[in-house]
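Structure first, then comments.
Think of it as A, B, C and D in the order they're written, each chain with its own count starting at 1.
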Amino acid sequence: MTANTTLGWTREQMAQRAALDIPNGAYVNLGIGIPELVAKYVPEGREVIYHTENGLLGMGPAPEPGLGDPELINAGKKQVTAVQGAAFFHHADSFVMIRGGHIDLCVLGAMQVAQNGDLANWSTGAPDAIPAVGGAMDLVAGVKTIHVITQHTTKTGAPKLVESCTYPLTGPGVVDRIYTDLAVINVGPEGFHVEELAPGVTFDYVEERTGGNLVPGDKLAQSGGIPAGTD
Amino acid sequence: MIDKRVESVAEAVADIPDGATVMIGGFGEAGSPIELIHALIDQGATGLTVVNNNTGSGEVGLAALIKAERVAKMICSFPRTANSTVFPELYRAGKTALELVPQGTLAERIRAGGAGIPAFYTPTSVGTPLQGDKEVRSFGGRDYVMEHGLVADYALIKCERADRYGNLVYNKTARNFSPVMATAATTTIVQTKQIVEPGELEPETVVTPSLYVHRIVTVPQPLVESELVAAGATYP
Amino acid sequence: MTANTTLGWTREQMAQRAALDIPNGAYVNLGIGIPELVAKYVPEGREVIYHTENGLLGMGPAPEPGLGDPELINAGKKQVTAVQGAAFFHHADSFVMIRGGHIDLCVLGAMQVAQNGDLANWSTGAPDAIPAVGGAMDLVAGVKTIHVITQHTTKTGAPKLVESCTYPLTGPGVVDRIYTDLAVINVGPEGFHVEELAPGVTFDYVEERTGGNLVPGDKLAQSGGIPAGTD
Amino acid sequence: MIDKRVESVAEAVADIPDGATVMIGGFGEAGSPIELIHALIDQGATGLTVVNNNTGSGEVGLAALIKAERVAKMICSFPRTANSTVFPELYRAGKTALELVPQGTLAERIRAGGAGIPAFYTPTSVGTPLQGDKEVRSFGGRDYVMEHGLVADYALIKCERADRYGNLVYNKTARNFSPVMATAATTTIVQTKQIVEPGELEPETVVTPSLYVHRIVTVPQPLVESELVAAGATYP
């Protein structure tokens, strides 16, 4: 890995780190934004099948320029491809997969995560906001494991990992693990359990930027690069 | 002989009255029956309740219907759109109401409506603002909210191939909400790229069986919404 | 029509009479027994699509000998064929059609029909009976119109059209019309409304063999053969 | 690489414990996974709760499993069979319990179980003895009974073609309950007539997507139940 000009992981590195924890054979739904980047970093030798809630299991990467089909898109409405062994289905069937607990892992973005696992990622609750929820509430209610990728703080430096969410919830107690630019953090009995620190980042540095209770996790390690997956 | 074909999109939507509830297929542009929507704009029906996952893009298709102020209420999961200010402006001006429904709950409510199921329980939205004042009930130690089936007077959907009976197959992720909407509407109106002879659709692979379909109109080369939006097109 | 050796319609004629009332374009589910015979008597020029609840819309007649597939059967588990324009689907989807009100007409057999339209056709309620309901309760609860074909009386001469059912109900108030060997009878506000009598059968003859309130219907006619449909 | 294939029907069912709830696909003989059922008889698990529309025929397949007294309880819609006295005898002797469920309610309960829906309302059985002591509730002036989702530890199903991921297509009316059972079981075990390469099953026509399937065993020429029954065959 090349040296970073700023402390902590880049967006790409966060995605790369999250990708390490996706096991072979997993059925995975990736949210819009940084989570979309995860697919390209899954280590070689692991076969992972991507679900997009608009009706495709076996989503592949974006098409070659000029070869896309405007009727083959992902949940973010970007053109994608279908892999060998894919299946198309309608929306109700797609959410049977989600609500029924058949998707192993969902990787989502976040506005706030509380130390009890509450997630807020759909609305700031501002009076003039146009509320838009999409499939986020279904995903967090139904998918077996929820991983979040997010910057550790907002653009103005406010913590996104908080004691309790001030934004409207997407779901209560749903987050299992958080990948930020500074650390890999599990949601556990004592709140935020730091399992891994980005290169050069200290526990204290993370704690100063965290709104909830932060404790060293069982496997706390300083990352000397992108380490092997720990799940 | 059973033949559900009609001659034109205008004829297909001619009887939709003011105040009707209309389900419109499509997720973004994929599966959006843009010619049927434009015919509905031409036809003039207003005060509509529209069910769609989104609120359209640019100023064509569903966004154009909304901009023409024909939509009194939207029932959808994601009314924000990258390429349109149409819905947000009317919503903020109080001219269009919004019932926000989680995407999977929306799909399941439509399916339930078509399946004769008046209500069901789902874990989605429990403990969130969208739980609202819905009934919450515990099963096996977990809380669920009660949601109601959703039906419509009309469904406007788009498919890839159809036969005169109304058997349909779709193209890739353009399938999305259309098969469940077809089950939940009193009158289901389909625009198809192609009409084939009965028997050409393999019975094992029919997605929407014929009994859900009432009118079929052929639109061999439908407009592509993203191309229209990129070109700054408007309708009418 | 050739003369009958006994008074009233034969099984085949009952089916033939019921078939006259099936309109062009109808989606129809036929029960096991006499109702199965209806399909072959639908008048020429009408196209009717048959649903069988085990997953086929567009059921055709029995296959030619030796050409059947044990995996292409009807609800009575007999081998059938699929017509051009048929569709296969799974059981939950099949009962969406039924429960959701998408089938126009169901023709069923009966043990008893009450004058308020209650139907009993699944169990005698005998203590040692093996209860078996199949799809009958779903059909009567969901299908728009329910027609019954039945002998007017049991083999021992007891009325099957009764004031109220003594057998366990399949569904309350569900029957619209009854085709017996003696008459065509609508279920209406005053009970059993006789719309048509079989050749040589009188109203009084039917009334003597009926357990509930029998009245002449608006269209009461003596059939001089199998008449034109009246619906 | 993902590869859900196992070598034999014996291996496929080896871990099913006593007392398990097992959904078994098929409507009559169509879709009945007869080799998997026979492997389950050989394996010896007992005290099973079995979900199937019927109770088998003759003394092979499901009827043989019941005759071997491995089934403590049947959940089905139509336990009477033309060609078997197996279930009636054990039921009358009190050796096998019965939960009788209307066919459409059975299908919908299984679908709900797979869909994460703990309960729903249906008009079926209202005002009949099968309403039992279930909750009855009025929606829009009509009464409905509440029914619960049904899940299982295992599903045993049969399909026509499968790939190593577990995508499945079926043959004609042999599809019946299998696609919903596949969604409702913790472990879904499939016998397929043929294994094909990934990509050979057209993605538009897959009936059971791969994520519902856990084990696949190839049985190229499955036994035909009606032929066995006609020949008076028994198992084991």
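Note that a residue touches a chain if its C-beta (ideal position, glycine included) is under 8 Å from a C-beta of that chain, and two chains touch if they have at least 3 such contacts.
Since this is a predicted model, take the numbers as computed values, not measurements.
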{"item": "Those chains which touch chain D and also touch chain A", "value": "B"}
{"item": "Chain D and chain C - chains in contact with each", "value": "B"}
{"item": "Of A-B and B-C, pair with higher C-beta contact tally", "value": "A-B"}
{"item": "Distance between chain centroids, defined by C-alpha means - chain B, chain C (Å)", "value": "37"}
{"item": "Rounded Å distance between chain A and chain B, as computed from the means of their C-alpha atoms", "value": "30"}
{"item": "Whole-Å gap separating chain A and chain C, where each centre is the average of the chain's CA atoms", "value": "57"}
{"item": "In chain B, residues with contacts to at least two other chains", "value": "108, 111, 115-117, 122-123, 170, 172, 203-204, 207"}
{"item": "Junction residues of chain C - those touching two or more other chains", "value": "56, 82, 88-89, 95, 98-99, 141-142"}
{"item": "Pairwise chain contacts, counting only pairs that touch as defined", "value": "A-B, A-D, B-C, B-D, C-D"}
{"item": "Residues of chain D touching chain B in the complex", "value": "108, 112, 115-123, 137, 139-140, 142, 144, 148, 169-170, 172, 202-205, 207"}
{"item": "Chain A-facing residues of chain D, complex", "value": "1-2, 111, 114-117, 163, 165, 167, 183, 197-199, 201, 203-204, 206, 209-212"}
{"item": "Residues of chain A that touch chain B when the two form their complex", "value": "52-56, 69-73, 77, 82, 88-92, 94-95, 98-99, 123, 125, 128, 130-138, 141-142, 168-172"}
{"item": "Interfacial residue positions of chain A with respect to chain D in the complex", "value": "24-25, 27, 47, 49, 51, 56-58, 82, 84-89, 95-103, 141-142"}
{"item": "Residue ranges of chain B in contact with chain A within the complex", "value": "27-31, 53, 77-80, 82, 87-88, 91-92, 98, 100, 102-108, 110-111, 122-130, 170-180, 207, 224-226"}
